[in-house]
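The next part holds the structures, each set out as structure tokens.
Common to both upcoming complexes is subunit A, partnered first by subunit B, then by subunit C.
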Partner chain A sequence: MTSWTRRGAAALLAAATTSLVLAACGDDSETSSENGSGDGQVSGELTVLTPIFEGAEGKALLEEELLPQFYEQYPDVTVTVDYTDYGSLNEKLTTAVASGLVPDVMMMGVGWIEAFAENGILADLGELGITVDDLSEDFTPEILAGGVWQDDLYAIPIMLDTRFGIARKDLLAEAGFDEPPSSLEELREYAIALTERDSGGQLQRAGFDMLSMDLRQMYEVFLFAHGGSLFSEDFTEPTFNSPEGVAALQYLVDLMHEDRVEDIGFSSTDIDVHPLLNDRAAMAVGHNNLWIQLQEAAPELADQLVPFTITGSEPGMFFGGTLATVSAGSDHPEAAAALVEFLTGPEAALGANEQRGNVPARTELLDSEYVQNNPLVQFAMENLEIAQREGGVPQWLEIRGDFTPAIEAALLGEKTPQQALDDLAGEAREAMAR
Partner chain B sequence: MTTKPSGTVAGSEPATARRWRSRRRPSASRKLRRAGWLMVAPALGHSILWIAIPVLATLVLSFTDYRVISAPRWVGLDNYIEIWNDAVFRKATWNTIVYTFFTVPVSMAVAVVIAVLLNQRIVGRTLYRAAFFLPHVTATVAIAMVWLWMYNPQYGLLNGLLSIVGLPGQVWLGNPDWALWSVIIVGIWQGIGIKMLIYLAALQNIDPNLYEAASIDGASKIQQFFSVTLPMLKPATFFVFVVSIIGAFQVFDQIYVLTDGGPANATTMMTYEVYRSAFQNFRMGMACAQSVVLFAFLIVLTVVNRRLTGGDDT
Partner chain C sequence: MSAAMTQTTAASPVKRRFDGKRIALTCVLAFGAFTMIVPFLWMILTSVKGPGELIEFPPTFWPKEWAWSNYAEALDAAPFATYFRNSFIIATGHTIITLIFGAMAGYALARIPFRGRELVFLGFIAMLMIPTYTKIVPQFLIVKFMPLFGGNDILGQGGSGWLNTWWALLIPGGLSPFAIFLFRQFYLSLPRELEEAARIDGLGEFRIWGQVYTPLIKPALATVALLTFQDSWNNFLWPLLVTTRDDLRVIQVGLAVFRQEETTQWAYLMAGSTLATIPMVLLFLVAQRYFIQGFTNAGIK
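Let's look at the complex of A and B:
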């Protein structure tokens, strides 16, 4: 045997050994668990990636209250949970997909489904026995549409994050207003009247706070209120730079620069206490979970917060939310679908919403004690028919990242609203063409 | 025909026998070579697995449209053309250059002065050294949280100090005119520690006789600093300069925590755009192309720097 032959044999042996070692270290789910017991009862080891159920409280809710109920129904299924937050969900999903270790069940936001469904990451729930028709009585059509891509159901909503106007009743009364503004003209008039500055011109109280909310979502409330939309009805063209979209952004720019109801830097999304709760703002675009912060930071204001729709040519309200999906590559699709059905069911969804102060997606939960005792959530649920979502195109995750700098550029006066939105629409078109 | 010193006649031994002997009894140099390969194998394996292959993969993927959630698609130079035409990436590149241009020289100058001071026999010298080095070993996220508070327009320390002297407060991180400078100040502050430590080590290697000779020649302390200390610190300066430039071009975490690249992209950097492309926009191919551009920048800067300093880093 020549030296080359020996070396070749040694290399082959090394490769074989490595393969055996790697195989031994690899996923053993195929051999260690079955895909169903064959008697109608599902089984398997599931992994779940979730940006909700965060913190010790959320973990306790999921693992000590909810999952034990699931195990009672499905004793042959075990669930391993990977917790994250929405800030890190992109990274988690990207690395999971790139590594091929996609969790069996993934929670993701409204506007995310299109991209993952388009690329075959998500299982068509219809093939697992869950259809849009089955759910149409439990959810409003617009909310259910957040989980649908090309007429197929890929996700079921658990909770909604809504944005609408919130005002301080006591501060309105001080300025002589009995009710929150009912039109954009009134909103401007009230905001100007409620703004307070010291003798040096330093802002003490914003008449209308826009900066504590993510700028994209804040803008979308006004876009919808102006009768605008993000995309054309067939989702082939961006329409947020339409006259309605430009008017919406111009309205915000005017509030900031002409009416000076708030100054740049007065608030931000990083603040610990919302300005409505420490008298630094009289009105704001708010999130339904402000009620939770109120109970912790300023319970004495419980009777003073009043929600209202921001109404232009039509009432504007934005909703995002969290939906449960099944991976198309799951080894245990039936078990994963069972878990999705359980987590989106009335009892589990109610617990998850209560923990986060969110709006249940299921219409039947409007009558629950939790909703009836939370004025902001109750308001959101009662107005869900006017709420509009974002997304709709598979490139939304890419497009949405460019929104905030564009809105900032307009608010800072670096670009006109028309320029900012035209540039953004140009980037959106490029993304959609790719 | 030649004769070997041992007296054997070259060529008289059968070739097969020579090969057999060489296989059975490796020569000393071959043994040494094998031992050498064995020694470097872990480092070599590490370098191939974790540096060479990822670099190669990055280069290849930079010519693709790779969305992670879909298979890579070859697009040739499209990503590079898009980078060339991308106003945001141009702004990020400019911001990175400005950030580097100010943080590196300023922090180096401050570091060398502090190192010289802390090289003297002063009370509490160890404590001071640890204090100056502390920002380097503290997590940037923790540092950024402290600076977030200092820059807070309402409750922050900086505006508090300004109000004491009757000056109006600023929106440090929310105003595009101030945001980049605010980030640069954090960068300078955080970078002083490690540079000071390297200079301190270099200072202790300078022959005291040089100072003695300079002193006998009548050089003042300042003249000694410029004529002895700085020239003798040249190798350390080259090292610090190169490492600092690379570090400054890779600034990411403080942007991520302090500004998210805003307002209106006023503080976005090349690395932050790489992150946005990869993890916010799911465009790994574009992120790879941006990384290649960043890599090219660093190579060019290092070569230029080496030329400027005469190529002498020893």
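Let's look at the complex of A and C:
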């Protein structure tokens, strides 16, 4: 379902791109003159589109706690919020762009900025007085780069979703291991030792679970750990089919088929509960918000989950996340920029992250009580220097939809890792040439 | 008596064979019904399991402790009363529009000869093949640029059209080519003699449609009504796209709260889904009577 939806979304985006001229025409003519009043005060009626702050709890946080603080600072600004979910965000943005009714402030994911900035939908925040230099003390360079396109800042991160290795300390100890694996060789050795099958060969416990995580994101962790990258430094060529990328996929295929540390079908992204929580896996590539699930369902395991970086030629950690942007056609750009600064500020960002169990993008929040009480989030924040993101090219939303089927084809043995990644690179080149 | 005995003797083996078939058929149907109902039962039972029980492997079928509080907590997660009301209004509106205008269109395509009728019908068939996703952007633009609504001028410029209004929720999905296709097929199956007799009696086209033919297609009415209501009730994306206000959102949007990118709150999602299916189950129980009545009528005819 996910890949179909994403293909559809990519097609929608392409359709929307062709409608940009229409949208841009409508926006330019409507520029209002009631923005800045010259003394630092701004005014206007803002619309916000957000895939976070969802549900009654999120809405209460945003509208009853955070926005009143914003209104104290900016009494002449009013904010109307449109809530959506990430699954429908692309469609919401696409139809908004196509119709010219683009919200003043939009929140979107890492890897999305390039496409929307390239098509002129996002405002250059530098022109509104917010620059990369201003923020460089508050964010690590790679995190901040998620909001940069062609050296200009278009988005500021609010929260991060990170993926890294997570192990069960008690199960490691049972197998005689004191610490999580520190290299790919150790990861393989530990995974083999921790895999349990019954007398009939039926898998009872995966030594290393790869299937509960989105396969694209799971692969990217290993790609980064092998020293590979998704695209060339100038973002003109896909490089995930480089020797490093192929080695990363070959490593995963070998874990699955030679070492048999997990079987196809043993787990999936739709599984009710993560296998680390019910002893069905000893190690896994996991998401930081596993801690929230643990607290609800298995608090007795709180001391047993231990995060680790998947380390090959370099440590690999993946991050996605949510960033706040301003529409290029906003009637109230100063007010919108003020809201973006507020929402990405320490207090608002901390509340938003706490609600979803995510990783604050601001480095200063490492010392917050929330982060200090959440070992997975704390680990992610302590390792943000090594975290790498996906995206980088405007066609990423289209390309990423083809990623999971390619990884699946290799894991299922339908294609060799080299074939799967070469075919995928071919599709990516076609998309980038369009 | 002899004749009666012969009859009885002859009837018995037939009856035995019949009973055997019946038992086999019952077994097959029971198995089919069981496989259909298990997911539904699983949903209900999951909706009352606690978080600790949900992570157990192998999963329990029967809850160890019945966490009825899941329902209250799920209902607190979003304004479900408003969402229920909105879904009900939209689904009912779509069903009424479809039954009236879909039946009219189906009747016209089946029974009124006019130039280009086959071409129009082919157009409807072609529309069945168009994936929903490809229609979303053009449909959205039509709604946004609707003239003289939402501050738009006669050329559809300057305002928001039908966006954020009941019009956007009710009109674009109000009629489907599939419903028209179904109605046409049912109207085609009825005898021409009825129409000829009605015309001799002096009935106009509208009364022939409303008083002669349409009462004979109750199975079609019930089927189309159920499918339309269900489709509309389950609609998620369109209501989300054309509204920005919570007071216009629908039940499926509420359920999406429990399903985020990385996690799903299964107990709450199942509790919400259980509540969301109640109107559909009730509707089916009511419409089932008309199904049977309709099929009986068709048999007598």
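Please note the rule applied: the second predicted complex is superposed on the first by the 394 of 434 C-alpha atoms of A that agree within 3 Å, B and C clash if a C-alpha of one lies under 4 Å from a C-alpha of the other, contacts with A are read in each partner's own complex, and residues count from 1 in each chain.
Note that contacts are C-beta pairs under 8 Å (C-beta built on N, C-alpha and C of every residue); 3 or more make two chains touch, one makes a residue touch a chain.
It should be emphasised that the depicted structure is a prediction, and the values quoted were computed from it without experimental measurement.
Undergrad: Tell me which of subunit B and subunit C touches more residues of subunit A.
TA: Of the two chains, more subunit A residues are contacted by C.
Undergrad: What is the contact status of A:154 with respect to subunit B (first) and subunit C (second): first, second, both, or neither?
TA: Neither: A:154 stays clear of subunit B and subunit C.
Undergrad: For A:414 in the superposed arrangement: first (subunit B), second (subunit C), both or neither?
TA: The first partner, subunit B, only.
Undergrad: May I ask you to decide whether A:94 touches subunit B, subunit C, both, or neither, giving the answer as first, second, both or neither?
TA: A:94 sits against subunit B and subunit C alike.
Undergrad: Just to be sure I read the superposition right, which of the two partners does A:177 touch: subunit B = first, subunit C = second, or both, or neither?
TA: Neither partner.
Undergrad: Does subunit B (first) or subunit C (second) touch A:112, or do both, or does neither?
TA: Neither subunit B nor subunit C is touched by A:112.
Undergrad: First (subunit B), second (subunit C), both or neither: which does A:190 touch?
TA: neither
Undergrad: Applying the document's definition of touch, where does A:54 land relative to subunit B and subunit C: first, second, both, or neither?
TA: second
Undergrad: Looking at A:318, would you say it contacts subunit B, subunit C, both, or neither? Reply first, second, both or neither.
TA: neither
Undergrad: Touching subunit B in one complex and subunit C in the other: list those residues of subunit A.
TA: On subunit A, the overlap between the subunit B and subunit C contacts is residues 91, 94, 98.
Undergrad: Tell me, which parts of subunit C touch subunit A in their complex?
TA: Where subunit C meets subunit A, its residues are 51-52, 54-57, 59, 76-79, 131, 133-134, 136-137, 140-141, 144-145, 160, 163, 236-237, 240-241, 244, 246, 256-257, 259-264, 266.
Undergrad: Residue numbers of subunit A touching subunit B in their complex, please.
TA: Residues of subunit A touching subunit B: 3, 90-91, 94, 97-98, 115-116, 119-121, 200, 202, 263-266, 268, 270, 397-398, 401, 404-405, 408-409, 412, 414, 434.
Undergrad: What does subunit B use to touch subunit A in their complex?
TA: 23, 65, 67-70, 88, 148, 153-154, 168-169, 171, 173-176, 261-265, 276, 278-284
Undergrad: Enumerate the contact residues on subunit A facing subunit C in the complex.
TA: 8, 11-12, 15-16, 19, 47, 54-57, 59, 80, 82-88, 91-92, 94-95, 98-101, 161, 272-273, 277-280, 287, 289, 292-293, 296-298, 356
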